[in-house]
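Next come two complexes, and both contain chain A; in the first it sits with chain B, in the second with chain C.
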Partner chain A sequence: MDPAEKEYFNAVLIVVIVVGIILLYFVITAIRYQRRSLRLHKEKIQAEIDTLENERKRIASDLHDELGPLLSAVKLQINNLETTETNDMQLIEKSSRHIDVIIKKLREISNDLMPNTLLRKGLKKAIEEFISNSQEDYKLPVKFICEQELQLDQNREINLYRIVQEVVHNTVKHAKASMLIIKISIQDNRLFLMTADNGVGFDYFLKIRDNMGLGLRNLQSRTEVMGGEFTCISEPGKGVAYTIEIPV
Partner chain B sequence: MEMSGTIKVVIADDHEIFRDGLRLMLQKQPEINLLAEAEDGKELIELIKHLQPDVVITDIKMPRMDGVAAAKHIAEHYPTIGIIALSMFDEEDLIIDMLEAGATGYLLKNADKHEMVDAIKSVYNNDSYYCQHTSISWHNW
Partner chain C sequence: MTIIVFFFLLWLSTLFIRGYAKSNLSFYIVYSFVLIFFSISSFNRMVVNDRKNIFTNARFWICLGIIIFYTYFIVVNTARLSVLRSKVSRHFIDSLFEINIYSNLLVNLLYVMAVIWIPRKKNISTLF
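After this line comes the complex of A and B, so read on.
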């Protein structure tokens, strides 16, 4: 190689190295940016979920601890009225029944917003209670299997409870199923929440391409903030199976 | 039903308006003598020390000391006092906690007047009493 060629070769090599370094810098920056934006996205979802759940807790507690006793006090007071008039007695009786209906409704709303059982007794009891209540309302047989005791932090318990609620609601609303099975198990520090129904199913890829729907997005977001993986297996006519796997 | 004199009652609830309603109702019952009212479990225990009632009616959720802790203390130190748990809704886990703590009666806050009086009389006569409105099954108790 003569000196001119060598010089040319060196110049090309330097240019290639510089371009390479610049490219590498851009790639690293892009990856870092991507990671940062993913982290921010996750933090944003977490913040949104926290705000939502805190608001739910506050409203549920106001309904339960403030409005409930007030209504009961009003019922006690009107029942203390003394009258011998039949019409007045009937009016008192009717008003008492109305107050009972309002209190029952308050309980349902408060429980939907944030079940006391979830905060006091944990996820397993809360899911059992939710399924027992929803079977009365929806007439959908739900089998819940959980053989281990679950000891998770409250945020995870709330997220998993919401996922179960969403799956039950979705199944009742869309699946036309005659059975839903929900199973929770822990293996090697991973928690698996698996659900399966025998309903009409749907085309998962078509669904995420066209319109994912709020329900499905909620399942994904809540799994994501727990650092978990969400899988949905479904085909038309073959039911729906969800698997949520999170580290514990 | 066996009635041996006036039944001495103390109530505990953190909502003044609810205590007012309960007081008005109980004061009209000839067989019941409402001795005092407490705002929370700690006050209830203080009152019991001096008043020695026959029956206490206590809310479950209260500040400072809740109904479960108060019922445990009463059942341990004053076993002859009948305890009735008062709850806003029929929440199974709360009620079971109260029964385990020593309550023998349970009432919803919106129970009818005659139910409240029946509950007091039953617990006074060492019988248990569970509110008619509850959806909870009692076969284990």
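After this line comes the complex of A and C, so read on.
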């Protein structure tokens, strides 16, 4: 190379180095911001879920511990009323029946908000109870398979329970299915929650492109908070299958 | 589709103007720019939307590779384009190409990372 060419080549090399430095800086900052955004996103979802669950717990315990005994006391007082008139006796009996219905509904609402079984007996029993109640209410046959004992922390248990609740509600509301299968298994320190129905299904990619919907987003957020992976396989006419895989 | 048709026409027109025996440097530069813009846009989308560790995303490594390789490709081809009319030695041209060799090596290493992080097919058995 003659001196002019050498000078030109050195200029090109300087450009190459400068571009390299700019590219490196661009990539490093982008990755740092992505990590920060990811952390903030997880913290935000966790805070939202915690607030929601605490509020549910508070309302459930208020309903169960305060309104429940109060209504029982009212029922007792009504039943203690002494009357000889048939009309009054019928009225007392009717009011007593109404109070029974209110107490029953209150227990159901309180249990839906925060099931006692989940807190006392764990996830497996809580899901079994929820499924048994759902089958009575919605007339949807649900098969629950869980052969292992589940030892999870309470937050995970609550999140998994809410996921199952959401899946059952979605199936009842949208799927027009005649069968729902829910399976929980643990393999190689990973918990798999798999669900499948034989309903109408939907185009998953179309759904996430248009508007994901609150239910699906909820499933995804709860899975993300547990550090897991959420997979949905569905096609129109071929049912819906969800797989949630979380580390344990 | 519009972009593909536009580039095909651009490629054809430059081919007729310059003839196909010569390197079509201006076209190389234009398509490199477009590839870089697409990659940056995809890269930014990943940074904003990806909820997993970005290093485990194969697309991240591919976009990074395209950005790095084609940036240097533009630098080298712009340098070649600007010295095209003056008489330069063979050694000078070879030295310019050496930059591409190193960027190519780096990019292939990035593509290896992409291959490592190709999402594994999930073994999901249907419950029905």
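Some observations on this one:
We take it that the second predicted complex is superposed on the first by the 229 of 248 C-alpha atoms of A that agree within 3 Å, B and C clash if a C-alpha of one lies under 4 Å from a C-alpha of the other, contacts with A are read in each partner's own complex, and residues count from 1 in each chain.
Keep in mind that, in the parts below, contacts are C-beta pairs under 8 Å (C-beta built on N, C-alpha and C of every residue); 3 or more make two chains touch, one makes a residue touch a chain.
Everything numeric here is computed off the predicted structure, so don't read it as measured data.
Contact with chain C, but none with chain B, is seen for A:Thr243 once the two complexes are overlaid on the shared chain. Judged by the touch definition given at the top, the superposed model places A:Arg97 against neither chain B nor chain C. When the shared chain is aligned, chain C comes close enough to touch A:Val15, but chain B does not.
Of the two partner chains, chain C is the only one that A:Asn198 touches; chain B does not reach it. Shared-chain residue A:Ile233: touches chain C; no touch with chain B.
Of all residues in chain A, those touching chain C in their complex are 1-2, 5, 8-9, 12-13, 15-16, 19, 23, 27, 30-31, 33-35, 37-38, 41, 179, 181, 183, 194-196, 198, 224, 231, 233, 239, 241, 243.
Taken together, the chain C residues at the contact with chain A in this complex read 43-44, 46-48, 50-52, 54-55, 64, 67-68, 71-72, 75-76, 79, 83, 88-89, 91-92, 95-96, 99, 122, 124, 126-128.
Those residues of chain B that touch chain A in the complex are listed here as 13, 15, 17-18, 20-22, 24-25, 28, 61, 88-89, 91-94, 109-110, 112-113, 133. Chain A makes touch with chain B in their complex at residues 64-65, 68-77, 79-80, 96, 99-100, 103, 107, 110-111, 116-117, 120-121, 125, 129.
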